[in-house]
Amino acid sequence: MEMRNLVLVLLVVVAIAAPLSAEEERLEQVNAKTVLVFTPHPDDDLFGAGGTIALLNRNGNKVYVALYTNDDKGSYDPEMTSQRLARIRKAEEEAAEGLLGTPKENLLWMGYDDGMLEYAPQPKLVEEATAIIRRIRPDVLLSIDPGEWYERWHKTDHRMAAFNTIDAVRAAEFWLYFPNQRLQQHLEPYRVPLMFFFYPALQEANYYVNIDSVADLKLEAATKHVSQFEPSIHKYRSDWDPADLARAKEELKQEQPRKDGHYVEPFRRAKGFVQY
Amino acid sequence: MEMRNLVLVLLVVVAIAAPLSAEEERLEQVNAKTVLVFTPHPDDDLFGAGGTIALLNRNGNKVYVALYTNDDKGSYDPEMTSQRLARIRKAEEEAAEGLLGTPKENLLWMGYDDGMLEYAPQPKLVEEATAIIRRIRPDVLLSIDPGEWYERWHKTDHRMAAFNTIDAVRAAEFWLYFPNQRLQQHLEPYRVPLMFFFYPALQEANYYVNIDSVADLKLEAATKHVSQFEPSIHKYRSDWDPADLARAKEELKQEQPRKDGHYVEPFRRAKGFVQY
Amino acid sequence: MEMRNLVLVLLVVVAIAAPLSAEEERLEQVNAKTVLVFTPHPDDDLFGAGGTIALLNRNGNKVYVALYTNDDKGSYDPEMTSQRLARIRKAEEEAAEGLLGTPKENLLWMGYDDGMLEYAPQPKLVEEATAIIRRIRPDVLLSIDPGEWYERWHKTDHRMAAFNTIDAVRAAEFWLYFPNQRLQQHLEPYRVPLMFFFYPALQEANYYVNIDSVADLKLEAATKHVSQFEPSIHKYRSDWDPADLARAKEELKQEQPRKDGHYVEPFRRAKGFVQY
Amino acid sequence: MEMRNLVLVLLVVVAIAAPLSAEEERLEQVNAKTVLVFTPHPDDDLFGAGGTIALLNRNGNKVYVALYTNDDKGSYDPEMTSQRLARIRKAEEEAAEGLLGTPKENLLWMGYDDGMLEYAPQPKLVEEATAIIRRIRPDVLLSIDPGEWYERWHKTDHRMAAFNTIDAVRAAEFWLYFPNQRLQQHLEPYRVPLMFFFYPALQEANYYVNIDSVADLKLEAATKHVSQFEPSIHKYRSDWDPADLARAKEELKQEQPRKDGHYVEPFRRAKGFVQY
Amino acid sequence: MEMRNLVLVLLVVVAIAAPLSAEEERLEQVNAKTVLVFTPHPDDDLFGAGGTIALLNRNGNKVYVALYTNDDKGSYDPEMTSQRLARIRKAEEEAAEGLLGTPKENLLWMGYDDGMLEYAPQPKLVEEATAIIRRIRPDVLLSIDPGEWYERWHKTDHRMAAFNTIDAVRAAEFWLYFPNQRLQQHLEPYRVPLMFFFYPALQEANYYVNIDSVADLKLEAATKHVSQFEPSIHKYRSDWDPADLARAKEELKQEQPRKDGHYVEPFRRAKGFVQY
Amino acid sequence: MEMRNLVLVLLVVVAIAAPLSAEEERLEQVNAKTVLVFTPHPDDDLFGAGGTIALLNRNGNKVYVALYTNDDKGSYDPEMTSQRLARIRKAEEEAAEGLLGTPKENLLWMGYDDGMLEYAPQPKLVEEATAIIRRIRPDVLLSIDPGEWYERWHKTDHRMAAFNTIDAVRAAEFWLYFPNQRLQQHLEPYRVPLMFFFYPALQEANYYVNIDSVADLKLEAATKHVSQFEPSIHKYRSDWDPADLARAKEELKQEQPRKDGHYVEPFRRAKGFVQY
């Protein structure tokens, strides 16, 4: 059904600028629903949407986080090894998401190595994300924005995660994509009704969640990723020196987007795999 | 000959805004020439350029349509199967293009499955499109725009078809690409003189074909793709209920681009595989 | 360390527009340093940054040029063959870079065939570029811009070279990428401090090098690529007819970017694999 | 630990001819253990080891069958489609294995399409089979023989299934193969103690299971695969005409291997991923 | 329908040794039929089955030769290039097969480069060979033996050609393999009734064609491949020095297999994609 | 030049059985020559040909060892990591080969991970081995046997290393394979005159080197691979407990092949990439 692309061509500029209509439920007020977050690494979920995740957990939603990679390469410590770093990163992610209210068993680790997602067998990768969508059947899906901006900095995990997720959203709708999932795993097709993309290009963000009430919590959660901050990223230690911690928090605070005097998380809001 | 890219860098912004010079032949007035359309699915040719195709056929051109995929997945009908849907989609495409004046034998089916073009062996895919160009030797080539906008919505068939076609346009020029085609199939290199990309980003469309005189015909042709509309997309039926048909036509009419009070098809016009 | 992407999201628009701060050393004044240029084909280095390369060589820098492909396809001469064209292109590149002051032994040929870089085994390609960076350890890296604009014209060598280089810049920092390089080849991780991308989109160029003093030299060097100009590109000859040479130079002169009355080479300046 | 290959080289001829030592437990007497069967298609398990499976189920073992493919191509019926055939084949397999005593929930469908296993992404395929082994932790593993003979008839599903399984047996032992399985899925490494390969080359079979007591049951189970017999393979029907059924059973009986007047299933017996 | 493999296992040793039954038509007496020969390089058809091809052409059969590769690498001449060698090899093959009676238009060049068949996209390669079989619909197919012996010397073109052909024989039977061929190219499934494999292992050859009556013709045809003999293979010349020619013929004569005092071509005879 | 395969077919059985002619130089008496050993893992060189290597070093040959993989997975120690194991294995290999007389700088590490060679990009792998052969230009090449027997036990590193090496031997001869090596790296084509395959099938071994004089040295060298023996393979320790060492040596001694009362290393001797 490619006709909708025609619509896309016509409405797309308008759509980007369009305000949310009044009657639409606010993301931060969704409750008792199922939310699925796809993240390339264990921490992009937090940096991109951690405050929103905290709010969604508070509202009684079931939040799942699907993690493409294990983040087993991002250390400057010459004594670090990949198997050890993966173990550290998993524990840090569990601690951070735990603070945001997501239980450990809702973290869905997809098992790819850091920086290698681009080279994964692609139809398989889409098939796996499709199975997750068809099993979780989320009312809302959060993912990294497959928009143009990331493309330019560096292709790899971020870009692949973004594209792969949106490809899976499309495939999940039609049972003839990966029909063995229906036959063998009893996974029925599913149409994702609503999507929010984090890490949007600034000029394309069309939706902002006020996270004032959970800003400190998000900060706290961020610092659970201790291996990713100085000095631990250069010489690993599992805990914080108080001075380092204070400095890290201060920097994070500076970097947290603000809008009209509030801490916000910016998104690009979309419906389905083609936006309009 | 990469030097022309330098020109590209310098002139590109100008080029996009540049009006067609007065002396250039209008696409819709081309006659007795050969036109080759590349389309990812059997219907993008129609939605993107169906009116223009109708005009070109009327003008006595030989129009060929190369179809990358068989569109065998886009149905919500749980009883549908891929082999059956491919058969349906082929018949629908023949009917639709037939209305536009393109004979069935000018449809060049490239044989890929829907949604899987991204995963096809890429040098082979370029090689095949190159062979088509070298054999048909079109005076004008129409294709989906390899521009930035589609990239963002979803990678896959559309993006791959767009890129692959433009890659083949480049390869077709130089016989040292796929030299076995010249040796074994007697296909000489060929330089495509003129290209029009359909589905352009709105802000980059630089060429509009007035299709007022064939708007009804295009509408009629569109509805030959009955499997892609409600209610057939959910529960397949081969014919239309009159009420459904009327509604579908009304919606299609609404979506058809207009400019200055006319129905138009927007394009990005380019010369060769680098534009300037 | 994906946190910096957060910064990226926030600062990116500002960054693009931001003028270089007064205290920053000008690229053209760098001296006694190591410079590494990655180029998709033997001539993109010249067209994109030849003047700058000449200035850097004059300043006593060690300039290395890593060439992804051998350019063995870009001829319309029906008698040409790929092995012969590769030989011609290598000699032309050595002559051209020689004029700019880069010694032949600083040309690092990566051994891929023209137009086939997109289909090279990608992790291997990143691994190879990473090894080059870790061995050369450049103070400044020049490369084709992985920005959005080239994406649209045609994917292939240019795009792949751009993305692959920036991927390698990232991988080079962390020893857990390709750890066998450290173990077996004694290549330590390395962080590239400064990057300039040539062939930028015009609206994104944020840095211009005045090349007035070497404009004629660049012109001279350009014409060493005789196989890429008329009439040699259609019927190869190794030397120039004086009239052809004069015409080629005139055209090249016209195409050379100017800014404020000066010949310039435009760049997008960036620091590290994420820009901010 | 490649040293054992040295042993292999020295002892291999002897090993093949060596009779089982008296004190070794007979496969058909194993009880209250876990048995894992890998089969390329839903029916190779039956034809190769169906009688043995029946005996093992009778002995109170837990038998699991991992099926690489869905067998969605092997029909001459021009009206058949792949999605439909896959559905039929799954039901037939469940019926056949059901008769042998294997419950439906112990069938582990790996989700590949018939005839396409050779082209599956190979490290992924090994990773998946490794995960199955590490989860099921079988005391005995049955699989198609990775021996030389099948190689010659046709490469593809059979060969790939045979090789992939033995590769997975090796990988399963060492946790550094696919370490994310241990970290994320809590799958500990596992060494398969005993393997029997069905479909061995005749001159290499070194183990025979007497299946006299279940020969009729095996025959009955075989005929559950009705779509694979005449006339259903040419024009599908879900049930048997009594005359066809009688003929099919008679042929199957003829083809069932015999040894010393008994119905047997021949195997090549091996220990671990290198045999000695 | 994998059951037949069971038969295979049981009968295979017998089958290899079994004499042809008296009533079977001799290959060399087949007439007015269609014969399809698959060959990895342009000359394996001749060396392996050239005498038989000559006899089959004499008998009024339509003989087609499908050539996987263009043989563009096998020269020691440092001045040779691949495009030139491919041109030479094509002309030599046309001359050689022409002498055997096969018209030039019956040579089906598949377009792969020498030595690279192993790395071709495999499902595509099978798809292409399948299309050839479904279009030619041969009564007899000749191909290089997919048996064990070649495996050991060197994998590559020979092995891949052997396996790919037998895979295509299997796929050709079932329309659900590559169903787009039936839908789009009107190629119906086809079951190859009889196959002869040339280059068999000596101990497995089970069929010998007496080529006494065409032995000189075969010799003459062999020497059309002048580029593959001394001295031309080291320094290309298109013609023969009489002394060189005499020597080459003498050597070829020595190497031609003999049996019971006759020149023969040995084959392994098989029916369908599983032999029994 | 595929004609030689004809010869191969005819002579192969004879060749295998043929005794070395009296006048041929014995491998163990080669001196002042260049020898290149390809090994899949760091220890197969020792187990398969360590005694021979010691003799060759004593004779004043230059011995190089090209190692495909880093052996970073073969440990049962749950605390081991791949980066650490690779480091250990490299040091062990250097110690072991050092004892045999091969200097550390003659070890050519090819940089692949253990168990992943089968999945490496194959044309690249052949290209790399070809470059090594063309650079080293060995008078004698030792490699793992690409014969049939290993195929059956497990495909993977061993099989790939065997096939890849013999493919590279073929490619090395013809400059049109990987012509960029000649153009850019000044590597001229090279024909390997003599090859010995270690780990042959017993019935195909046709050459035995008496290693009595270096048997103890080989034993000593073997025990440098301490991580591969009990107890270190289960719980890593870098040194030996005397009792463990004695036991390991005793077992190794038992496993060392003997012939006519002598310790020997068995080989299959071959000339060039096709044997005859």
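The letters A, B, C, D, E and F name the chains in turn, as written, and every chain counts its residues from 1.
Methods note: a contact is a pair of C-beta atoms (placed from the backbone, for glycine too) under 8 Å apart; a residue touches a chain by one contact, two chains touch by 3 or more.
For clarity, every value in this text was computed on a predicted model and none was experimentally measured.
Q: Show which chains lie in contact with chain A and also with chain F.
A: Expected: C, D.
Q: If I average the CA coordinates per chain, which chain comes out farthest from chain C?
A: Ranked by distance of C-alpha centres from chain C, the top chain is D.
Q: If you fit chain D onto chain F using only Cα atoms, how far does it have to rotate, to the nearest 5°?
A: Value: 120 degrees, nearest 5.
Q: Of the chain pairs B-C and A-D, which one is connected by the greater count of C-beta contacts?
A: Of the two interfaces, B-C and A-D, more C-beta pairs touch across B-C.
Q: Any idea if chain C and chain E meet via the same residues, over half in common, or different ones?
A: Result for this pair: same.
Q: Could you state the distance in Å from the CA-based centre of chain A to that of chain E?
A: That pair's centroid distance is 55 Å.
Q: Just how far, in Å, is the C-alpha centre of chain F from the one of chain E?
A: Centres of chain E and chain F (C-alpha means) sit 35 Å apart.
Q: So the centre of each chain is just the mean of its C-alpha atoms; given that, what is the distance between chain B and chain E in Å?
A: Computed from C-alpha means, the inter-chain centre distance equals 41 Å.
Q: What are the residues of chain C that contact at least two other chains?
A: 81-83, 148, 151, 176, 179, in rising order.
Q: Under the stated touch criterion, can you name all the chain pairs that qualify?
A: After working through each pair, the chains in contact turn out to be A-B, A-C, A-D, A-F, B-C, B-D, B-E, C-E, C-F, D-E, D-F, E-F.
Q: Mind listing the chain C positions that touch chain F in their complex?
A: The contact residues of chain C facing chain F are 70, 83, 86-87, 90, 109, 111-113, 121, 124, 176, 178-181, 183-185.
Q: Can you tell me which positions in chain F touch chain D when the two form their complex?
A: The touching residues are 40-41, 43-44, 47-48, 72-76, 78, 80-82, 85, 115-116, 118-119, 148-149, 151-156, 158, 199-203, 222, 225, 228, 233, 252, 255, 257, 266.
Q: Mind listing the chain A positions that touch chain B in their complex?
A: Per the touch definition, chain A meets chain B at residues 1-3, 5-10, 12-13, 122-123, 146-148, 151, 163, 166-167, 170-171, 173-177, 179, 189, 273-275.
Q: Mind listing the chain F positions that touch chain A in their complex?
A: 81-84
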